[in-house]
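Scroll down for the structure; my scribbles are underneath it.
Order of writing sets the chain letters: A, B, C, D and E. Residues in each chain are counted from 1.
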Amino acid sequence: MTLQITARLHRGDFHLTLNDTLPTEGITALFGRSGCGKTTLLRLIAGLEPTRKAEIRFHDQVWQAGRWRLPVSRRRLGLVFQEPSLLPHLSVEANLLYGYRRTPAGQRRLHPEAVRSLLELDTLLSQPVHTLSGGQRQRIALGRALLTSPQLLLLDEPLSALDATAKREIMPFLSGLASRTGVPVLLVTHSAREVEQLADQVAFMENGRIDRVEPLREALARPDSPLFSDEGPASVLVGRLEETGPGQWQFITEPGGDRQAVRFEVSGRSSHQTSLHRLRILASDVSLALTRPEGISIRNLLPVRIERIEDSDEYRSTVTCRIEDGQVLLSRITRQSVRELELKTGQTAVALVKSAALME
Amino acid sequence: MPELSPQDWQAITVTLKLCALTTIILLVLATPLAWWLAHKRSTGRTLVQALVALPLVLPPTVLGFYLLLALGPRGPVGQSLEAVGLTHLAFSFEGILVASVVYSLPFAVQPLMESFRALGARPVEVAASLGAGRLDRLFTVILPLCRGGFIVAATLTFAHTLGEFGVILMLGGSIPGETQVLSVLIYDYTEAMEYAAAHRLSLGLLVFSFVVLVAVYSLNRRFDVVKP
Amino acid sequence: LTIAAASSLRQAMGDLEEAFLEQHPDTGIRVIFGSSGKLTAQITNGAPYDVFLSADTAYPERLVALGAAASEPAIYARGRLVLWYREPDRTNPELAGLLDQDIRRIAIAQPRHAPYGQAALEVLGSAGLWQAVKPKLVYGENVGQAAAMVASGAADAGLIAWSLTHSPELAGRSFALINEDLHSPLAMAMVITRQGADNPDARNFSNFLQTITAQDILQQYGFQAPTTD
Amino acid sequence: MPELSPQDWQAITVTLKLCALTTIILLVLATPLAWWLAHKRSTGRTLVQALVALPLVLPPTVLGFYLLLALGPRGPVGQSLEAVGLTHLAFSFEGILVASVVYSLPFAVQPLMESFRALGARPVEVAASLGAGRLDRLFTVILPLCRGGFIVAATLTFAHTLGEFGVILMLGGSIPGETQVLSVLIYDYTEAMEYAAAHRLSLGLLVFSFVVLVAVYSLNRRFDVVKP
Amino acid sequence: MTLQITARLHRGDFHLTLNDTLPTEGITALFGRSGCGKTTLLRLIAGLEPTRKAEIRFHDQVWQAGRWRLPVSRRRLGLVFQEPSLLPHLSVEANLLYGYRRTPAGQRRLHPEAVRSLLELDTLLSQPVHTLSGGQRQRIALGRALLTSPQLLLLDEPLSALDATAKREIMPFLSGLASRTGVPVLLVTHSAREVEQLADQVAFMENGRIDRVEPLREALARPDSPLFSDEGPASVLVGRLEETGPGQWQFITEPGGDRQAVRFEVSGRSSHQTSLHRLRILASDVSLALTRPEGISIRNLLPVRIERIEDSDEYRSTVTCRIEDGQVLLSRITRQSVRELELKTGQTAVALVKSAALME
């Protein structure tokens, strides 16, 4: 069950060359610098870029084979354009329902009421579309695409004009959507945060090519990952949440192999409805100590084995630690600290992770 | 207006029929043609576009004469029609209908073309991605969004057909009840210096057209789409 | 000198001009053709025409009545109708032939304002054909257009002005001259307009039209002399 | 074409002058009017819009007749002109120019109006924010972006003026070198059944117009602005 | 030297009511949820929203007084719209130069070469604008506005479509621009990060009103500040940078009153060219200990006095600490830690700030 794309496309000096298989499970983030071809790729998949040199196959359906193309309207896509493109002659409500009405009742899995309340659209329904603010437009475009109950969601930076509060409400919904309804999502985004929070896989694009497609965990295991160009390296641990007392939660990692699970103390409760959770820990949030310090507010003190010490720049090192369950935890500390603590590969240490920094 | 003669009424009926049919036929014909012209980017396009405007440059009577040659019983079109058992088009309502369509074609095609070009590809792409097929998109996106262009095309066509008489007179032969339209009749009255009758009909025509146009434009204004 | 002339004079006017210029070599002449009705309307609204040669007598009388004329109408010629079948091999072009099955359309000028159209109606009436051919009739704006309808092949026959048969297009075809008794005379009158009142050339031309020279030319081009009634 | 008579050449000159001047004057007049119509959202707008289209619905000769009444020495306009020492407009080049402008007004105004509406406010706002004043914006933003509308307006006006003869014949009187335009001349030739001359001029007119239109449209195509 | 606005504006149900004075020094961020009226306010200032009920005065110039309005073109503004609105009939280069050409040579302070290289526009100059990607358009719109050398920059989310790398390059330029050339900037943004990094003042908008306008430092001193809805509270300290050895830098705070400066060890060098720097420290990056721990990679261990302990939610507390120079440092730790360490107001403690987390 994949999306296979073979294509060559020239636009002036720009060349898009693809021979890739994208996973169609969960959320695949398309990550790359401005102008690398993300929008073009999405449009190609949607069938909106005219080219004869492309073969596109989604699951067992052929979407394009050279000159032959399945009409866009029959691909059952949910497409959100980079510039929210509402139909200006329709009301907000008619925009929302445009695709819904054209979806056979039997295929509808999302309904207007749910989408309207999730995206806070209720007060906007009767407003003329040209009077909407940028963020309102984006929300409506997203809602409209969702309401077609598509078999593939193509989202081109759908959250860029949203404020933090709106984002925090919509993101869990998107990630839940993919896992709950099984609709695969291809999400273009510039934000490493969005990738880490939403993506199951990441496709890295550069200069019109897909550099590599890898599961998020692998993408985060490389300290030089492009995702880190913003906030620096981070580890993402996968595990379950367990309530250990009133207001107290533990995050229990899913150990690799027959290793032992590691427990993290976390506060607050994720709004994720899934059973598997993610813990994103910026390497810069992880400190190392030789021995377990006492009388300190940091609650997660994990024994680790140092696997690699790399200089990430002139001043800082990234220390790759293995925690007891076999997962990797990255720590970024100054090279001076490495020297002063005389850290060595193979050595054991204590990683200090602030519990309050854990939840996401 | 009790002063109108039966002949006047006949002419009014023929005229309204002609104008209405011309407008409808032209919109149906011009829409795909204008769409093609708006999106095709070849030399073919400019040639066709220029061709469409050509009927305009000939004096109407002269155009009527050439149409008479072409559509009459000895002309290529007329002969083909007669060969398949139909009758030629000279001096018939069908004939002046064809002539009006040809003559007003540019007034329908050009505004539509510009309005299709101004529409851009995005709204159509959006509708397609939301599951709308070709015809669906035409009726739910292109038509409403290009309504201004359609209004211009329809009103120009309608008004122009109302006033046109050179082509129609020549090709139609002014047969009462069949090809004698109001404009021909008014012309006849002025030529005969029966000015009272001419004024009466002209005024009627003006008032009627004004009312129709105001109605159409007000309706159009009510559904204005505002662009940011 | 600007002469406004009915369109039926188109062919004759060239020779008339030439002959007039021979007598009055210093005159500059400009002729404007048009339907008599249109020319009348223009003259009443200040058209710079000095002499008006109408195709009938009614329009000049109208000008006199409106005070736009500087002379009484003077009849200078009479028009004649001809019957013209499109098919050249119709050897005996008679009016009765109009009843034939294969004559589908008959072109005449618009009777409402064209004198030849009015005359054509009268001819059809006198010949007792009116009811039978009425559905076949198509109307041109003037005789010229009626002729064009036949020439294009769209109409099968036409009742047109004899003068038109002298046009380059129709020269040499066969026509049947219609008996003048079948219609009231197509007397053609001229007036000098107010504009031409003080133009000696206008009077000269008016006088010239009554000369034998002019009358000969007019007869050459399908008109009768006003006197031979 | 050596067969053209001096009269033909005279008519050609008058025609080109008339068409060129009409087109230029109309674009200059229609631009502000169309802009106003495109942006004003009142009843006034629909009334003016309908008024503009009215000259179309009258048969050209009849319109010419009314213009003759109005502009001639006894008409209100003609008399006012004469009162201030000017000459009335009937039977003069200026007169047929005024008539052509009135008669083709809707073909200029309506496409421009639609293209102004399709432009939207944003590009003008952008230009203003970048320091461009009114005229600057007109020439550097509105004109180029509405080029399609201007082309439609100009070509329709030009072609329509070329072919128009009813109004001109009535108001202008077919005076050689002054008001006798090509369409009137061709009409005269067909009336006189001098078909050879008529065909020759018609063909010339068609070829000329075709070349002009193709040139204009190709040029326009080269500068096409693509909308996403 | 301020921007004074008094205005009332109705758009359907939306009411914009203003009677405010915005500072015109440095960068003022306009922060608020989607649909609160930010774009409308910017357009009002620019003179693009028709209203008769407004008085706008910029410095000593009257921009609007009721019905009278100074034409937009004469306000000398640099305006970047929310949707990058390039002139579609012009090339990229002509777009960039459109405003530049209309700026009298004597008033030009920025030049095409500089802007082109900063925004990486060189390869795009001859491209038709409709072929540009979203981020490319946004960069050109920004460059075009900058090249008018305006007396006020109005930026409506100018960085939303940019990738992290591009942002990292443009942000310091923007902040430098304001301080170097004295052009005041009004910046609409949804990103608390952008505010913290760029703004000198923040205007908080809500429901068509400006709630308050305050210096960034004050805005960050309130743990309930709207800026914290995304990443939680943070402290921003102002100070100088000093090189203390190869690759070693110290951040020395500007003490309030006659207090003593505090030194932070930081690694790396800011790309800011200004002498005053900002240190942004997320409260969740600050841990507390009762005594100074040994053998630990955390390099900044600062004695603090606890001034307030507030429960920020069911599980976490925000501890307001005063460092020695009198500035405030926020720490967010679990309520359980507060209990276990028996933290009390007035008590002294040691704040642990990872040096690697400091720089921005």
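Keep in mind that, in the parts below, a contact is a pair of C-beta atoms (placed from the backbone, for glycine too) under 8 Å apart; a residue touches a chain by one contact, two chains touch by 3 or more.
By chain, with names taken from UniProt: A, E = Molybdate transport system ATP-binding protein; B, D = Molybdenum transport system permease.
For clarity, every value in this text was computed on a predicted model and none was experimentally measured.
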Shortest chain-hopping distance from subunit A out to subunit D: 2
Touching both subunit C and subunit E (chains): D
Set of chains adjacent to subunit A and to subunit C: B
Chain whose average C-alpha position is farthest from subunit E's own: C
Distance from the mean Cα position of subunit D to that of subunit B, given in whole angstrom: 19
Intercentroid distance (Cα basis), subunit C paired with subunit B, Å: 36
Gap in Å, rounded to a whole number, between the CA centres of subunit B and subunit A: 57
Subunit C residues counted as touching two or more neighbouring chains: 38, 41, 145, 148
For subunit A, residues contacting two or more additional chains: 83
Interface hub residues of subunit B, defined as touching at least two other chains: 61, 65, 122, 187, 190-191, 227-228
Chain-to-chain touches, reported pairwise for every pair that qualifies: A-B, A-E, B-C, B-D, C-D, D-E
Complex contacts: residues of subunit D adjacent to subunit C: 61, 65, 68-69, 72-75, 78, 88, 90-91, 169-170, 173-176, 188, 190-196
Residue numbers on subunit D that touch subunit E, as the complex places them: 122-123, 125-133, 136-137, 140-141, 144-145, 147, 223, 225-228
Parts of subunit C lying in touch with subunit D, wherever the complex brings them together: 2, 7, 10-11, 30, 32-34, 38, 41-42, 45-49, 142, 144-145, 147-148, 151, 164, 167-170
Subunit D - residues contacting subunit B, complex: 41, 43, 45-47, 49-51, 53-54, 56-63, 65-66, 106-107, 110-111, 113-115, 117-122, 148-149, 152, 155-156, 159-160, 162-166, 183-184, 186-187, 190, 198, 202, 205-206, 209-210, 213-214, 217-218, 221, 224, 227-228
Touching residues (chain side subunit C, partner subunit B) in the complex: 35, 37-38, 40-41, 59, 62, 104-105, 107, 110, 112-114, 137-141, 145, 148-149, 152-155
